[in-house]
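The following pair of complexes shares a single chain, subunit A, combined with subunit B in the former and subunit C in the latter.
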Partner chain A sequence: MDYKYIIIGGSAGSFQTVTNILSALPQNYKIPIFLCLHRLKHIRAGFVEALSIKSNIKVVEPDDKEFIRQGKAYLAPANYHMYFELGNFIALSTEPVVNHSRPAIDISFASAAYAFKSKLVGIILSGANKDGAYGLSQVKENGGLTIVQDPKECQVKTMTEAAINATDVDYVYSSEKIIEFLIKINKNI
Partner chain B sequence: MLITSEDIEKIIITIQNHSPYDFSGYSIKSFTRRIEKATFDFKLSIDEIIKKIKTDEIFTEKLAKGITVNTTELFRDPKVWHTLRYRVLNKFSENRRINIWHAGSSTGQEVYSMLILLNEMGLLEKANVFASDINTDVLEVAKKGVYNYRFNMEYFDNFNKVIRENPFNYDDYLDVPYSKYFNIEKEKDTISIKDFLKRKVVWLKHDLVNQSNIFDTKFDLILCRNVLIYFNNELQEKVIETFYNSLFRKGVLIIGIHESIIGLMANKFNKSGFVYTKKE
Partner chain C sequence: MEDAKTQNIGITDFKNLIQSVKDNFYIDFSNYALSSLKRRVELFLQNFHFNNIDELIYKLNNDKKFFQVFLKNITVDTSEMFRDPEFWDEFKTFIIKKSKNNTELKIWLPCSNSGEELYSLLIILEKLKLTEKTLIYVSSISTINVDNIKEASLEIKKMDVNSANFDRIEDGGNLFDFFTIKSYYAQLNRTLLQNVKIIHHDIFTENAPDLFDIILFRNKMIYFNQQLKNKALNILKSALKIGGIIAVGVKESVNYPGYEREFSKVSNTEKIYKKLVTE
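== the complex of A and B ==
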C-alpha cells in the first residue's frame, strides 16, 4: 500500500466536506491532492481563497504544464478541464463541457487513473449529478484505490450512488473515516 | 477504442505529408483526445482515418478543424479585462495608433469584447485590430458576429462586470445599454454584434505552427489565450518567439490566466501575472 496521489471529486454539498478534510490534515501532509469540484458558473473567483482559509496545506489553482509537488492541493480552475500527463505534470484544456461540467470529474479521474495507476486514491463526495462514476471506474480498472463518501451522510446522494453502482468500490466511508484513512496513508510516504 | 502512441505518430506524419498542417508540436494527450473524438464523429477506425487523409483532401481539412479547440465567450474572465482596461490599454491612450492581434481568435467573442472596451475608453478610432485562426469555419462565424442568446447569459454578467461596474468603486455604475453594441432578438435566440464594430476587424487564416507574422506590421498588444495549452514546450517557445518578434518595444502579450511562459523566452519579457511586457 503505497499511495502517492489523491484525487477528490465533488459537487453540490461537498464544499463543507472538502473544507473539513483540508483542515484536518496536518501541515506537513505530503501526498499531493487534486480537487475537481463543480462550482456555479458565475462563481469563478474566490473559491481557492475560501478553501485556503481553513486548510493547513497550500491550495492552488495550477497553471498548464505545472509540475506536481508534494504538500500541495491542486484545485481544478473554473472553466478548465484538469488532466495529468506522464512525467508528473498537470495539463489544462478548454475542450467542451462534459456531463454539463468544466471541470468534469470523469475527465480528471480517468486521466489521473491512467497516469498514476495503482499509486492513486480516488474519492467521490456528495453531488447532484453522475459525473465521476465513469472516472472512478477507471481508477479501479487501473489498479487504484476507490473510496466513496457514505451516501447516507451526503447532502445530495446522486453522485455517490452513481459511483457505487458503476464500480465495486473498495470503501464506502463517512467523511471522518476518509480523513482517518488519508492521514494513515501519509505515514507510509 | 484504445489509441496507441504509434497510431498517433502515424496520423501526425500522414497529415504532415498530405496537407499543409503540422500537429507534431501539439501536446500528445490533447491531440489523442481529439483523434478519439474524431473516430466517434466520423465513425471511422484509426486505419480508415489514415487512409482517408492520404486520399481525401476535404476530409483532412475537416479533421484538422476538429482537432483545434474553440472555446471563447464575451469578456471571458472579467479580471483579465479589468487588467486590460486599467493597466494595459490606458498606457496606450497617447499613442497615435494601437495595433492589436488576436491570435487564435476562434468565433470572435474576445475580439468584439476588445472593440467594446476600446470604444468605452474612447480608443476605438486609433485601433487597428487583426484576428487570426487556423480554422476558416470559426473565422466565418466570427465575421458574422451572431451568437446564441439563450445559453450565453454569462456574456451579460461579464459585460456588466467589465463595462458597467467599476472594480475600484462599487457605487460607480455606468448604465451602458446592451443595445449600444448588440441587437438582441430573443425570439430568434440571437445576439448580433453591431456593424460599426464588425467593420473594424481584419480576419485572416493563420497557422501559428508554421507561419510567422503575416500582417506587415508590428503590434502594441497581442492576445493569445488558451491556445498554448494545446502545444508542447518546444512549439510554445517557437510561437512565443513569433509574438516577441511581432511586438513593438514595450509591447504587451496576454496569455491565458492559467498559462505561463517557460524556458528561454521567459527572460525576454517582464511578467506581471498573465501580462508579459517585451523588454527593451
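== the complex of A and C ==
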C-alpha cells in the first residue's frame, strides 16, 4: 500500500515521542507529516522551534491555504483548528473548541481522512483526553491505516485507550515500532 | 464546546444547498473554504435534527427567519477578546500614529460574526482616549449576528479567557472596568458604543459603507478559498484611504499577484499592511 500522508495526534506526554520520531526519520524523508498536538492556546511561539531542534525534517506552522509539500512536518498552529482541503492544501479555522481543544485532533483527523482516504496513516500518541478517538475512527472508515501507541508505554493512557475502544485499529505499536514503520513506508514513495 | 462527530454529507447535496441559498437569498458560499463550511453545515443538520439536505433546503426556502438562524450557525468568528495579545500591542501603535494625522479616525470591521474583536478595539480606543474621535462600522451578513453584536453582552464563563488575554497586553489594566456584571452576563459599558454603526451588509454584493483609515479583517479570509480571498482583498483595498492600514490574521497574508505595488507590510509578525499610492 502506498501511503502519502501521515497525521499524528497527541497531548500530555506526547512531546518526547514526537521528538523521538522526528529525530529518527532520515533527512530525506518524503511523506508529509501533520502534527496535531494539544498546546497552550495563547502561546504562539516556541513549540515549532522546540520540535525543530532535533528534527531532521523541516517543521513548520502552516499559513492558511498553504500548499502541502513532501519533506515537511506541519504543526497545527496555536488556537486554530487545522483542516485539509481537496487540492492538497491546508486550511485553518477559529471555530469553537472541540474536546476542550483548538487545535482539536478529531477535526484534523476527520478532515485528513476525508481528503486523503486510503493514502493516509493516522497515529494517536499519549494524551489526557479522548480527543482523537472519533478522528481515528474516520481514518479507518475512509480506508486509511490506523496506529495507536501502546498505552503501556504512554505517560497518560486516556487518549490511546479511547482510540483503541472506538476503532478496531490496525496496529498497537511501541514508539520504536512506529518509527520503524514510518521509515519502511517512506521507501515506497 | 462543539461535537467532533458529524454526519457526512455528499458533495452533490452540499452543492445543491449552496446553489439554493444563492438563488433564494443572494448570498454566495460557493467560494468558501470547503472543509470548514461543510463541517458547519453538517453540525447544523445534526443540531437542528434534519434527516437530509433536501429537508433543510425546503425549510430555508419557506421560513425566512429560519434562514437567519442558519446563517448565524454556519458563519464563524473569533470567539475570544484580545486574541493574540501581541497583535493588540502592535496594532495600538498604528492607531496612535493614525490618530495624530487625522481629526476623525474611520475604522471598519467587515464580515463580523461576533462582537469580541469590536469590543477589544473599543477598549483599546477608550484607553487611548480616542473613543470620541473615531467612527466605526461593523458589518455582518447575518441579522442575528448584527443584533448580538449590538447587545454587547458576553457570557460570564467566557470572560476568563478574555481577561487572561487582556492581562497579557502592555498596561492592560482590569478588563472588568469596562463591563457591568448582570447575573450570567458581562455587559460592555454602552458609552463605548456611541460612535459605532453595526450594519447588515455583504461585502461581495454591496458598496463599502465609507472610506476608511483602518480595516480590521483578522481570521476572515481563512473561510474563503484563494479566489474569494483575492476578491475580498480587492474590495477592501478600494475601501481604504491611501496610507490606510489593514490587519489580517497571523496565519493569513495579503499575497495576491502584484500586491507589492498596492500594499507594503508594516508589521511582519502581526500581518499589518499599509495601502500605497497607486495609479
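Here is the rule we go by: the second predicted complex is superposed on the first by the 185 of 189 C-alpha atoms of A that agree within 3 Å, B and C clash if a C-alpha of one lies under 4 Å from a C-alpha of the other, contacts with A are read in each partner's own complex, and residues count from 1 in each chain.
Everything below uses one rule, namely that a residue touches a chain if its C-beta (ideal position, glycine included) is under 8 Å from a C-beta of that chain, and two chains touch if they have at least 3 such contacts.
Just so it is clear, the structure is predicted and the values come from calculations on it, not from any experiment.
Chemist: Putting subunit B and subunit C onto subunit A via the overlay, clash or fit?
Modeler: clash
Chemist: Look at A:95 in the shared chain and tell me whether it touches subunit B only, subunit C only, both, or neither; answer first, second, both or neither.
Modeler: both
Chemist: I want to verify the contact counts: of subunit B and subunit C, which reaches more residues of subunit A?
Modeler: Touching more of subunit A: C.
Chemist: Per the contact definition in the header, classify A:104: touching subunit B only (first), subunit C only (second), both, or neither.
Modeler: In the superposition, A:104 contacts subunit C only.
Chemist: Considering each complex separately, which residues of subunit A are in contact with subunit B in the first and with subunit C in the second?
Modeler: 41-42, 44, 61-65, 77, 79-80, 83, 85, 91-96, 111.
Chemist: Help me check something: in the complex, which residues belonging to subunit A touch subunit C?
Modeler: Counting only subunit A, the residues touching subunit C are 41-42, 44, 61-65, 77, 79-81, 83-86, 91-100, 104, 106-107, 110-111, 114-115, 131, 134-135.
Chemist: Subunit B touches which residues of subunit A in the complex?
Modeler: Residues of subunit A touching subunit B: 41-42, 44-45, 61-65, 77, 79-80, 83, 85, 91-96, 111.
Chemist: Show me the residue ranges of subunit B that touch subunit A in the complex, using the header's touch definition.
Modeler: 27, 29-30, 33, 69, 71, 76-77, 79, 154, 157, 226, 228-230, 233, 256-260, 262
Chemist: Hey, which residues of subunit C end up touching subunit A in the complex?
Modeler: 1-6, 8, 33-36, 39-40, 76-79, 83-86, 161, 164-165, 168, 219, 221-223, 225-226, 229, 249-253
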